[in-house]
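What follows is a group of structures, each given as structure tokens.
Note that chain A is present in both complexes that follow, paired respectively with chain B and with chain C.
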Partner chain A sequence: MAEERRFRSASGAPIALRRRQHSASCRELAVRGPRLQLRSLSAATSAVWLAAYGLFALSENSMVLSAAILITLIGLIIYLHFVKIDQESLLVIGSLGIQVTSSYASGKESTTFIEMGRVKDVVINEAIHMQKVIYYLCILLQDPEDPQGVSEVVPLFQSSKPRLDCLIEVYKSCQEILEQRKTAPQSS
Partner chain B sequence: MVLKVFFPSCCSSADSGILIGRWISEQNAAVILAVVHFPFIPVQVKQYLGEVQRVTKVTVSVLGSWSNSKQEKEESLSEFLEDLGTIFCHDPWIQISKEGDSKFWSCSTLQKHSKNPQEEEIILVYYDQRKVMLSHLHPTLDTAGQGAEDASKLSAIFDTVARSQVLFMTDRYDEGPIKLTHWQSDGVEASIIVELMKQASVPACMLLTFLLSLVSGICRSRVLKFWPLSFLWSKLSTCEQLGHRLQHLHIISSNKKAQNQTQLMRKANIFVSLLIDVALGILLMSWLYRKNRIGHLADTLIPVADHVAEELQDLLQWLMGAPAGLKMNRALDQVLGRFFLYHIHLWISYIHLLSPFIEMILWYVGLSACLGLTVALCILSDIIALLTFHIYCFYVYGARLYCLKIYGLSSLWRLFRGKKWNVLRQRVDSCSYDLDQLFIGTLLFTILLFLLPTTALYYLVFTLLRLLVVIVQGLIHLLVDLIDSLPLYSLILRLCRSYRLAAGVKFRVLEQQDGKPLRLLMQINPLSYGGVVQMYRLPTYSCYPKDSWASLCKKLFLGELIYPWKHKGEKQN
Partner chain C sequence: ENSPAPLPERAIYGFALFLGSWFGFILYLIWAYIPEAWLFSLGLTYWPQKYWAVALPVYLLVAVGIGYILLFGINMMSTAPLNSTHTITDNYAKKQQQKKFQEEAIPALRDIPISEVNRMFFLPEK
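Moving on to the complex of A and B:
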């Protein structure tokens, strides 16, 4: 069963949170950011080409034009493949682990899977980002030597930066599953 | 508590039978390795499993039953399968059944000694057996067989499948009491090329070892150890590179099999790197020798050396005049200028003496490019060093002169203030000087101070020239290092067979149906290219400048000689 709700990101852009429950111990939470707008794409391309025409008018060298086309194409490909993140999702499977996926606009997906044994807790933290104080969700990893210590902090939803209301929803869903591992008796 | 069943996707269409695999009780997980079909005799199955356990050291046991009924569910079969649970006592006894071509299987467990009889949730994880068997999880845990409890869950699963290779050696065409289904049950796969290469590698290794021992014997002979020659070998980077490659050949041609994954990858990387290097070198050689390009190169070498010497002469004439509008001390200027001009004259004469032989020497030296592109680049760097030897000499003269002047100035400055450097205590102490000491000291101080701009200018000019040559040589060595240390085999493996180098796993949720267990697909998450290079980089012999910028500037200011690129084998001064 899937449900989708609209929220805002820290910078005011509209984002959507989609929750799916696959089974009693498996939940998927996906935050989708705004897609690439045709407006901004055309604006950037026109700016580059106007500059190239200006240079061509000054220097009478046609290489400037082909260089501008090449730069635009390569820049667009790099932006879509490495920079623009469309959707960030969190798949929590109780007793297996937590999987964090980022899907880029070109279709590339980069995934990290963290085993449940390494996860200490999922918390909402505050951070100072530029001139603002923002909230972010993060996974605390257990330190193998020190049971009380935290060895690493993995921040989630870094490119979409949802606000506190969205984060609370995600936090509640995660905690419901994480609690199951505390209540379930460990096998001897 | 959730029960996880790792099921190989190749067994999805297997006939009914019993499931064998490994039960990991700490994680409540069952890793299914194969399906044993009917008919079988339970005693023989237990015997076979005991043998497999002895060979692979993996606790393989019968975990449950699998029923694949093409038509409707057969009641008698399900009872029969439950009865099997009593013969092969395993707690919990897993029963998986598939009806027709349905994707959604029903999975249940029979717990005999269950403390809490509630229904536990079952997660069915499909995995590709061949890929998991061949893949290698990073970061590598080099503990051999110990600490399975400490190892992460995933590495336990990968380990189980990888070590059960002997189980996958029997296929359905073998005559035996046990009929198994696993990824190789349609016939054991092997590659003819790989087998042929394995057979051919043994005599090839022996031949290579013999040749290498000959070459090393020659290199170690006493003749080459006499002082001028040994000094020359240590200064030429070509010899270093050849020594490095010889070491690599030793590693490849050793008879010992690689113990673990890291060593195997290192050997393969060295082999591929050597091959590509030699191929590029032969390509370069064929390009150079076609249309006699090397003859043209030799013809242009002498005019280039002449041109450099002329430029240096012009520079010195400029320094002897009024360089950049500065007024130099005429006498010192003339002395230094004439001294350096005479050196250039000597250098030009030597070059002209050698000019008839240059073409022949270059022709034979160019042949050694077939040993590899790195060797050719090192030869280029050495030729540049030899051609700019006079710049190096000028830098050393200028630096020593400047250094002497600076030390003299600092010592006399202390005398000015009535202090002295105490060598014993390594500090500055006050000292009372006699009048005539003070007088001579002041005179010398004044002379040195007013001669400082001239010497400093010569030092500056020659240091800049020397730094230029050092930067060019440094760039060439950077390129050589890059070719030496790049793990090409690992990168090609990551490109073509990305499942072999695994950074972890990723799960994909498949279609679900209410009431049936959760279905997940486990895929291998390959290591990133940056991770591959970092993990499998080959070690090289050169280290990068260890002087920080601050100490480099200090050395330049004081006039100490700088050697920015140091090799690992050289002594530190």
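Moving on to the complex of A and C:
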């Protein structure tokens, strides 16, 4: 079963959270950001081309215009493939681990899997980020030998930056799965 | 012993500093404005170049302006990134001792782990 709810990101952009329950101990939470807007794309392209035309008017060198076209095309491809993240998803499988996937606008997907033995907890942390204090969801990792200490912190949803109401939904869903760890028999 | 009250010694220090700073300022004005020929005719030849009379204040003011930006930048650089454990805990919290719980007493001050804080805030008790 899947349900989708609308929220806002930290900067005010509309985002959507989709929750799917695959089984009793497996849940997928996906946060989708806004797609590349036509108006921002045209604004950026016009700015670059106007600047290039101004340079051409000053220097009478037509290479400036071709260079501007190339820069726009290559810049757009690089932006779509490496920068613009459309969807970030979290797949929590109770006995196995947590998988974090980022899907870029060009279709590229980058995935990280963390096994359950290394996961200590999923918490909402507050930290200072660029002159603001933001809430962000993060996975606390533990060393298998030292279950009391936190060895690493993996922040999630870094590019869509949901606000606290969305984070609380994701947190509750994850905690329901993680609590089953304690009641289920441990197998090392 | 360390009170901020006015004392005779402090009044004397203050007055000596006041006179000294006026003397330094008049000396600076003399050095900056009086032509070299007149100072040489008096026999005072060992002065630094007059270039420094303008350069040093400019250096100072530019340093103050850069200092604002530098301080801002240093602050931003020493803020812990989002993926560091310093946002969660630190050495004092790791080594803290767990005091025993006593009945009817105020619980001892301690650093509560973030998992516990999260459960208290975000998971409603049924």
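Keep this in mind: the second predicted complex is superposed on the first by the 184 of 188 C-alpha atoms of A that agree within 3 Å, B and C clash if a C-alpha of one lies under 4 Å from a C-alpha of the other, contacts with A are read in each partner's own complex, and residues count from 1 in each chain.
What we mean here is this: contacts are C-beta pairs under 8 Å (C-beta built on N, C-alpha and C of every residue); 3 or more make two chains touch, one makes a residue touch a chain.
This one's a predicted model, so the numbers in the text were calculated from it and none came from an experiment.
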| item | value |
| --- | --- |
| Touched partner set for A:140, first chain B, second chain C, both or neither | second |
| Touched partner set for A:121, first chain B, second chain C, both or neither | second |
| Which of chain B and chain C A:99 touches, first, second, both or neither | first |
| Which superposed partner A:91 touches (first chain B, second chain C, both, neither) | first |
| Partner chain in contact with A:4 - chain B first, chain C second, else both or neither | neither |
| First, second, both or neither for A:153, with chain B first and chain C second | second |
| Partner chain(s) touched by A:165 [first = chain B, second = chain C, both, neither] | neither |
| Contacts on chain A seen with chain B and repeated with chain C across the two complexes | none |
| Chain A-facing residues of chain B, complex | 1-2, 4, 25-26, 28, 116, 121, 123, 125, 152-154, 504-507, 509, 512, 517-518, 520, 525 |
| Contacting residues of chain A [partner chain B, same complex] | 22-26, 28, 91, 93-96, 99, 101, 111-113, 115, 117-118, 184-187 |
| Sites on chain A touched by chain C in the complex | 120-121, 123-125, 127-130, 136, 138, 140, 149-155, 158, 168, 171-172, 175 |
| Chain C residues touching chain A - in the complex, by the definition given at the top | 76, 79-80, 82-85, 87-89, 94, 114-115, 118-119, 121-123 |
